[in-house]
């Protein structure tokens, strides 16, 4: 495992052109990523999802991405043609999205979708592809892979659908996975089960992971490092194990305002926002 | 204030509630926790009369509930829904949303009632004639609470009121709900999938799984972590964040 | 394009774009204003709107605009080609075609106006009732709708007019009878989508009656789709009316209804093309105008996009 970073992001900015004026969703985010797990945490409007999408060039048509540097190994992600993107997406960088209801094609069987994802990057015959797909479904701990292979997305539960999504995104064996709120639509126990699967796969295949979420506790218990974002800026970067030593008032405020199970029913501390945080 | 006994309910032959018993004293706060499909929201909907096929006894304020609900009931019991955008009519101004119930029940003084309701939830008059899409999620949820309160009910049913909100906004809304319960002497039944939220807001808690209450606890017992039923213990541990050992101990409940 | 309020913008514009309206009227006007701004960004829609406004203005100012009396026959000047005296020429009775065109606009407007205000509310009522109540109400109303939808519009209109007798009023009635079914379908589809929403349940929980729910809560959600569809249908209505007029079943001579004018000019089509073609072009332009307007409205009123 090399120590060299896979991903280098310097001063990433994403701006959207809307009827109400320009919206600066991401305002100068910088970080580098090695073969590790990086968590990006923020509330709605923090720009965390847009950061993930910008890395994969998935920003909406009315958005503009600029960066001093946006490099994956030596590939300049800011200036790829669609043809070049096809070689990167799926094969080298993959994305897992939040709700399998919306991210899986409802009119194709699960098996067909996984095979399609695989054959996009590997030239194999149909039988081999099917074999690989079933293997992958087993790898994500689906107990009856043949049945799920032949099912449609709406026929399986949310947790199962998310496992299918993981299978689909990992089957081309990318180096980097960006997971955008992959478990937010799931029940709590299912959430953790899906994360365990992700845990195993990422570790076994030596992948890097960017985990985007609003759940600070979940991210810090799963990742190595955490970036806290607020209104398009990174306000704090810390090791996951050092969360209790957070220095920025926003991070501390976020941790404090969570309800606890300690029997204390007095008012929760409120996050008092400072204008200075938005200036980064 | 609320006495539910032997409540059973069905949706198209699925037995969704199985012998549910709940008792909430006046000015009390009762929490129902469970994952999806546990039936927790169905309990609320049975109380409000939105479920057709049910059996059992439901007493609110010592009156037995039957198959339909009358206006007097709506002045006693109100509900706050989970989705702050879905629960407000997108084409109605906030003023209209708040005035409508006042007019339906012929309460009069709608102007002052609307202003007072907005004040109670911490919104000033500038919000009165806006449309829901012009408000943030937290503000919309406050409007939903104001709408529930404008009929001066005694009971508030809260269906995951903060699940769709950012954590910092959730804290504000939960504080608001606590204050309102104190100031107005309300009785709450709160449904959530989040054990911490329910532990913070409620005196008594019931944990549901597949339509049944598997365990009851007080907030104090929850604080000590002294839960007995294996499902409750699993839920409790799951609330602690990602821990591989914990996940490996999970069982799929059926 | 900036619609934010600034302290220094005076008068009406500030009132319309205020973030904190002081009354429901102000809120509604502000919303309409934003919709209007969005609409004006669409060039084609503006062209459509201009055509429709043009139609209305021509109707209102017909007496001032028309150079000649549309009904005055001048047999010495029969079938004159377009020229300085008669910009669009004259027809087989020597009547000025331009003047007939101008006075004919009112019939076009009358037809689309009356059909829209009768068929649309009927369709809305049937559709929302069917969607809201479901069960046998839905089944009955939808089967009735299906029966009407089974026939091609022109054939059905023909049948009605034949039964009722020729004439403009009967033609309008016949078109209205054939126009309402799609609106019922649209309203029903919207109602079914909306009726399980939380805001409907919340209203029910406040004690709103079924009637109150349908009229106050569900119908407003159907309006956008309906308005768009009605506007787009107007082109078709004009064509059906023209078709009926062409067949002699709509407006009766000597009314200068455009369809009837096309019919009259049929026999001269090869040599004296202007008699039939000019009213035909007018029909085309107005239909196009309504189509463009409808498309523009759809872009602005799309309910799923919110505002």
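Each chain gets a letter, A, B and C, in the order it is written, and its residues are counted from 1.
Basically, a contact is a pair of C-beta atoms (placed from the backbone, for glycine too) under 8 Å apart; a residue touches a chain by one contact, two chains touch by 3 or more.
If you want to know which protein each chain is, UniProt gives these names: A = ABC transporter ATP-binding protein; C = ABC transporter permease.
This structure is a prediction, so every number in the text was calculated from the model and none was measured.
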Please identify the chain with the largest separation between its CA centroid and the CA centroid of chain B. C
Note to self: most contacts are between A-B
Euclidean distance of C-alpha centroids - chain B vs chain C, Å: 47
Report, in whole Å, the distance between the mean C-alpha point of chain A and the mean C-alpha point of chain B. 32
Within their complex, chain C touches chain B through residues 19-24, 26-28, 31, 197-199, 201-208, 212, 216-217, 220-221, 303, 306-307
Using the touch definition from the top, list the residues of chain B that touch chain A in their complex. 35-36, 137, 166-168, 170-172, 174-175, 178-179, 193-197, 199-201, 219-220, 222-223, 225, 234-236, 238-239, 241-244, 246-248, 250
Chain C-facing residues of chain B, complex: 48, 50, 71, 74, 78-79, 81-83, 86-93, 95-96, 100-101, 104-105, 126-127, 129-131, 133-134, 144, 147, 151
So, in the complex, the side of chain A touching chain B is made of residues 43-44, 158, 187-193, 195-196, 199, 214, 216-218, 220-222, 253-254, 257-265, 267-271
